[in-house]
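So that you can tell them apart, the chains are marked A, B, C, D, E and F in the order they are listed, and the count of residues begins at 1 in each.
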Amino acid sequence: MAKIQLIAGSSHPHLAKEIAKLLKVSLTPIEHVRFANDNLFCRIETSIRGDDVFILQTSVRPVNDGVMELLLMIDAAKYASAGRITAVLPYYPYVRSDKKDQPRIPVTARLIADMLQTAGADRVVTLDLHALQILSFFRIPADQLLSVKLLCEHLRSKIESNHTVIVSPDVGGLPRARFYAKNLNLPLAVMDKRRDKQSQKVKMGVIIGEVKGKHAIVVDDEVNTATTLLETVEALKTQGVRKVSAMCIHPAFSKDAQKKIEQSFLDEMIVTNSIPIEEASKKIKVLSIAPLLAKAIENIHHGQSVSTLFE
Amino acid sequence: MAKIQLIAGSSHPHLAKEIAKLLKVSLTPIEHVRFANDNLFCRIETSIRGDDVFILQTSVRPVNDGVMELLLMIDAAKYASAGRITAVLPYYPYVRSDKKDQPRIPVTARLIADMLQTAGADRVVTLDLHALQILSFFRIPADQLLSVKLLCEHLRSKIESNHTVIVSPDVGGLPRARFYAKNLNLPLAVMDKRRDKQSQKVKMGVIIGEVKGKHAIVVDDEVNTATTLLETVEALKTQGVRKVSAMCIHPAFSKDAQKKIEQSFLDEMIVTNSIPIEEASKKIKVLSIAPLLAKAIENIHHGQSVSTLFE
Amino acid sequence: MAKIQLIAGSSHPHLAKEIAKLLKVSLTPIEHVRFANDNLFCRIETSIRGDDVFILQTSVRPVNDGVMELLLMIDAAKYASAGRITAVLPYYPYVRSDKKDQPRIPVTARLIADMLQTAGADRVVTLDLHALQILSFFRIPADQLLSVKLLCEHLRSKIESNHTVIVSPDVGGLPRARFYAKNLNLPLAVMDKRRDKQSQKVKMGVIIGEVKGKHAIVVDDEVNTATTLLETVEALKTQGVRKVSAMCIHPAFSKDAQKKIEQSFLDEMIVTNSIPIEEASKKIKVLSIAPLLAKAIENIHHGQSVSTLFE
Amino acid sequence: MAKIQLIAGSSHPHLAKEIAKLLKVSLTPIEHVRFANDNLFCRIETSIRGDDVFILQTSVRPVNDGVMELLLMIDAAKYASAGRITAVLPYYPYVRSDKKDQPRIPVTARLIADMLQTAGADRVVTLDLHALQILSFFRIPADQLLSVKLLCEHLRSKIESNHTVIVSPDVGGLPRARFYAKNLNLPLAVMDKRRDKQSQKVKMGVIIGEVKGKHAIVVDDEVNTATTLLETVEALKTQGVRKVSAMCIHPAFSKDAQKKIEQSFLDEMIVTNSIPIEEASKKIKVLSIAPLLAKAIENIHHGQSVSTLFE
Amino acid sequence: MAKIQLIAGSSHPHLAKEIAKLLKVSLTPIEHVRFANDNLFCRIETSIRGDDVFILQTSVRPVNDGVMELLLMIDAAKYASAGRITAVLPYYPYVRSDKKDQPRIPVTARLIADMLQTAGADRVVTLDLHALQILSFFRIPADQLLSVKLLCEHLRSKIESNHTVIVSPDVGGLPRARFYAKNLNLPLAVMDKRRDKQSQKVKMGVIIGEVKGKHAIVVDDEVNTATTLLETVEALKTQGVRKVSAMCIHPAFSKDAQKKIEQSFLDEMIVTNSIPIEEASKKIKVLSIAPLLAKAIENIHHGQSVSTLFE
Amino acid sequence: MAKIQLIAGSSHPHLAKEIAKLLKVSLTPIEHVRFANDNLFCRIETSIRGDDVFILQTSVRPVNDGVMELLLMIDAAKYASAGRITAVLPYYPYVRSDKKDQPRIPVTARLIADMLQTAGADRVVTLDLHALQILSFFRIPADQLLSVKLLCEHLRSKIESNHTVIVSPDVGGLPRARFYAKNLNLPLAVMDKRRDKQSQKVKMGVIIGEVKGKHAIVVDDEVNTATTLLETVEALKTQGVRKVSAMCIHPAFSKDAQKKIEQSFLDEMIVTNSIPIEEASKKIKVLSIAPLLAKAIENIHHGQSVSTLFE
């Protein structure tokens, strides 16, 4: 019967090894090359004919090198007669570019979906997308894994139900915040931040909902510059919260973000390792998604349900 | 040069005539037939070779007859050598079925997109979609027109800024509510309604945000059974609002909805005629989107920007 | 190994159960919903990953609801990672709309084929199509089962070869009638019915071929309003036939058709249960295609020939 | 504005010239080459960028060279940036192979349709197809021109209505025969020919319908070996007809067919020049379809209806 | 498990039998027919549902009949529900037409690739293509087998390294010649032949590189008219070579080529049986590729590497 | 009528301006953004509905950012309803990765072709591709412009025919070298460089052909590290050439390449500005392709031949 072949891009070698270990397979040998002319190249070093190929790539800087490397691996696997190719994308590239909210702009999350299929992917596994509709940009089966169980279980024991509130840093994130709030049986609040029409300056965010004296847990799908997160923390402090935690699934930290977090009033932050981060600090707790991804790969390989893993 | 051909499905003849009049064209003659075996059929009764064909169909009951009639018209136009086929869909069919939020369900809004393209549509014009990502389900140019200007202009004069609040009936609708709130420079609130974990009964909705003593304007993209809307009205009254209005773009009223609205505490309701409604009552004010659609068709025909129409 | 999953649309539950029983499988649990807004929805309630999925839907009123429900089931199964999806369509929707015999009309039987493929069907099984070319509208393997053996075997013993004639009610059906005539080794006749050029009224049909004093068996692929059938019966009586039987594969009866048949000179009628009919009357004999469909599903599942089932 | 470019395959230079003359255009210069290795090649010798290209090829022996030459011309025109490519196919290749009436055979008429589209045709014009469904094998606009007017007008004056009958040489051709019969207001008959079940020999054909003492006009879409035609003639003579004419649209004569016809009891035969034939004999009258094709090309070029040309 | 089904076109029955014998399978029974109207037809005479189908066709005269027969077999196999279809093409049709080196010409090698996929091929196996880029004309896995080992092993013992040189008959063939030269560890030379600008006559070829007194081995991928080959031989003799051999993979001899070779100064020629040739002469040695093809089919069937067969 | 819209990627602003000036158009305003998360974004700032859009991007470092930016621009233009999108690619990305010459590698030049089409390009213009077959990786019209005229005209006056030779630095480049040699009416030579089988070290290159005492002009399509070029220069010096020039179309210089050239024995080098280079040195002469590209864009826009520009 067709074997699992787990091929790793160069984005997150540690996660790849962790998954391979859990699956009790060796990583499929692949050579990644960057030529002197900045062209990427790869060569799968063993036959994968007819096998069940999983290609792991998460989106890290430099982002476009990661996208191209992913497409090259899929192309190589397809014409090497892979039996089935599943792209495993813990942090989906260009995930925030998911709608045409201005005229004459690209919708890059959809373009990525198109390109994965053009290159030859037969299915896709993602983790906590910015918008669920991205799954339907594909014309191939696409799964979204959720880290909600992983994150909430970590937190549950530390929460006093009557004194805690889930906060979304913006209105678009409220459905996700509500999903966590339901899971933890907590109330909700949301920050609304606007530009002043005259000055065009952003006015300080307003917290909609009751937060005074409470432990606020800010929930977001990713953190990048941490600006919005820390503005939310600031607004919450102003509103008299007792303590602020944050749960951000994808730690897509830009340059100074980690330092800014360390120096902020934020008490603690929980993230997954969907993106590799430098030595986690005291404030930032990293939970591994490797067991979730490994189980998903195993279930897909054996034709078993994936939705049961996080329901 | 290619002419505008405006072909109307049988869903909304009044709107079709209104648009045709504004465009100063005659509706393209088409015969719609339902055979004794319940099969639909149509015949375009004049040559449309090379012409710029716009096919107007909004989603009304029976919904699936409307979808099939639309596909039949596109198929007939395509093989009749239309120059370009634009499907004009004021109320997009199955618009709420836009994501796979449970395992093993269809995403029908995306399936509709696929079928329109398979049948032969070259472009699509929609109005106020439930989620903007639906545009990116298409691989053909797709426009979304917005009725925000139309609705807000109607309301603006009646609003006292300091005593009015925009309310979203659920967390998913908050970005739309915020869009209206920004346009009218008003604050926001949102209703959160949950099932009790033990009893599985829906608890009464909680209003997040300040509404006491204010004029609340509930904003939603569509109204169907009106249950959620009227629950929101109820919760707002409980919270001591002074008055409640509603702006719901698509009046997709199910059987008793209009009656329930008439009998409720809701003071007034503004809708568009994206869906034909029976004689509007005193409470329900209908604003016509025909000028917006006519202008969009004209601009598309002449290769001019559509986004300028509602920016 | 991949299992058979037999999923039933809501068109013909009795046939579905009959086939499931013959296959010794349980029907795959699926929930069919019609929302208050007339939108259909379905949810497959058990994992079908990698399985060999057969979706049964026959075309009954309301026809377009049936088509959409079929497409929704296929869509749900595809993105639920079905191994292979076979649409089993005993009475193919819009089967008579198979050619563009006027300008600017749809060819809906072909559009249905396109949509089945767009939704995700991998293969199709049909029964006695109006025209064999419909199979070639598909770009996926498509089988046509024939009920000729079932029907002829039922009749064979009752026929006196020298005094019986097969009659087609129109010229287009003559090849089918001839196919039955060859099977039963009987001569042929055909009715030709024309409009009077001046009056535009249909003149009574003329029987071409010898029928006087014989037992005439009218063969048609479907019966709908029964108008043509009963005109044929009338014309045959006028020509002095001794007795008239009818074999019509698909009993797509419209409202009063069964009553008109009961009251007519037609002696007996044989149909299949490709479409569910109300309590069969004394005149109308219903033969079950469930064994044929069950055997076809079994053979497809095991990679065995289907053509051998009716050759 | 884009010009008509009329490109001729090597199948029927005379027809190409005739059409070009009627259109008042020069044939687009093209070089057709057969290399020493039997590979075909062509080179369009003038720029056709953006032009409205019509490629004329009828199916003559050697049939497969004609098909490949056609595909090569389309390929060359596509990548030479033709504005639109219309394949004009008076006698469609493999037209009789239009259905899968045995297991495991090709449906070559559909394969041809697929290949024309793959090569780059944007539309297709055909003449009197064997089955109308072939048009729906295409996913591009496809027209069928009919020669019925041309043929019937030639015949009309020579017919005594009360003493003439239209005869189809087989049951499959009866709808076409009926179409001609309606046009000429004449009755119908049909030949049925069967194999003896024991001996497997073909028994002589039986004429169904009244022909005695009449002038019979056999109508068929094409004549190849002329075997069926001459068997029909024979059967009609046996039944006592007074005179037999034949109208066969496509003169696809195989080797001895013309000689056999000359020596037969057939009085006269009318064909079109959809296929070039050697010097027409006394019995065989050739009517030119060039005016019909030229008018169709003109109308397509100017975006006017084609169906009006033969209705 | 799915079986190997080896289906042979009519191009090279001897090779088909040889491969079948090596694979220890019977050739799948297929009937090839040429109708009186020059249309080809085939019927696969046994069920191949779900099987692993290999269709063998090499390009021989008449070339276009071979291409169409190949497409018909693929079409028949596809709609007969083959599990997988691999086209095995020892001599790829139109292999030399692989680039658009003049305006407005077809690139037929790419068109062939498109048509194979349109007809339904799932993968392709070729042997020694004129240009490796042809593999990338396909969007399905495509293998190129190489006969270099077979040919070089035959020759190795006969070569005196210090007195032998590999010669390419033209600059385009030099990479192939170099590939052989590296394999045999020999130096290189190449012939350059130009037209005189004034007279437009081809001047005699010039040999670039040292050949005097040596044994020259001309390497080419195919031989057709043998004109270039014999010009090269002539030029080499003029330059004082001691002896000339030739290795030409595909013996696509046109009419008099073999005779011309016999009468030339060429000492010996080695070819494969990728194309059937008449009784090999004393000078022409034919090596069989059947073992290579059989092993490739076996490995593909069992999901094993093909590249190992000739590395 | 549709206007030319010339949209420039950020790869080569100088060339874009030069072309715009020659075309007498303004560059279409576009904003290019790199977000803090390293995601690229662009917004076309004016309506391009129905216009004839040309998107200029050449491949420079960082290569993958350039590819993604190109795809984003195409995506934005497509859904902004561009009339036609032509990608103008002076130096095609990944041009050297044009064949699968090892198992299990990507063919990235073909993948790029696929992605351009998936994103929405309608046609492509390239300049001097590494292999002409790349044009046939596309299923849209693709032009290759040649700089041969530009380069040769610059050189012609400086050449003494009898004492000059064109040299290819490797066997694969010989056809290009020959093309230049024919244009300048000069003889040919080629360098062959091999690895020693035992030591695996590259042995010094051998010059095949006569070069002693001559002026050698090395011709290559691109120069990157300049290693091969300078090895060729070295080998030529060793063989006693009098002087060495080089013509390399695409100056894809890697870091130290320009410095190494300056310090080498190479007398002079001619390149185009298909890639921007830092201040050209005394040895390196840059010729502008802007006039060629501008003329090609103009001709494409007006439906005129492009091949005439360089024949």
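Definition applied: contacts are C-beta pairs under 8 Å (C-beta built on N, C-alpha and C of every residue); 3 or more make two chains touch, one makes a residue touch a chain.
Note that this is a predicted model, so its numbers are computed, not measured.
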Neighbouring chains shared between chain B and chain D, ordered by label: C, F
Number of steps on the shortest touching-chain route linking chain E and chain F: 1
Distance-maximising chain from chain F - centres being C-alpha averages: C
Numbering shared by both copies at the chain E-chain C contact, with half separating same from different: different
Inter-centroid spacing, chain C versus chain B (mean Cα positions, whole Å): 39
Separation of chain B from chain F, taking each centre as the mean of its C-alpha atoms, in whole Å: 51
Cα-centroid distance, chain C relative to chain D, in whole angstrom: 33
Numbers and ranges of chain A residues touching at least 2 other chains: 47, 79-80, 100, 102-103, 107, 114, 305
Listing of all chain pairs that touch each other, if any do: A-B, A-C, A-E, A-F, B-C, B-D, B-F, C-D, C-E, D-E, D-F, E-F
Contact footprint of chain A on chain C as seen in their complex: 2, 47, 49-51, 78-81, 83
Contact footprint of chain E on chain F as seen in their complex: 98-103, 107, 109-110, 114, 131-137, 139, 171-172, 174-175, 177-178, 182, 185, 187-190, 192, 194, 197, 206, 208-210, 305-307
Sites on chain C touched by chain E in the complex: 123, 141-142, 299-300, 303-305
Residues of chain B that touch chain C when the two form their complex: 36-45, 47-48, 61-65, 67-68, 71-73, 75-77, 79-80, 93-94, 96-97, 100, 102-108, 111, 114-115, 118-119, 224-225, 252, 254
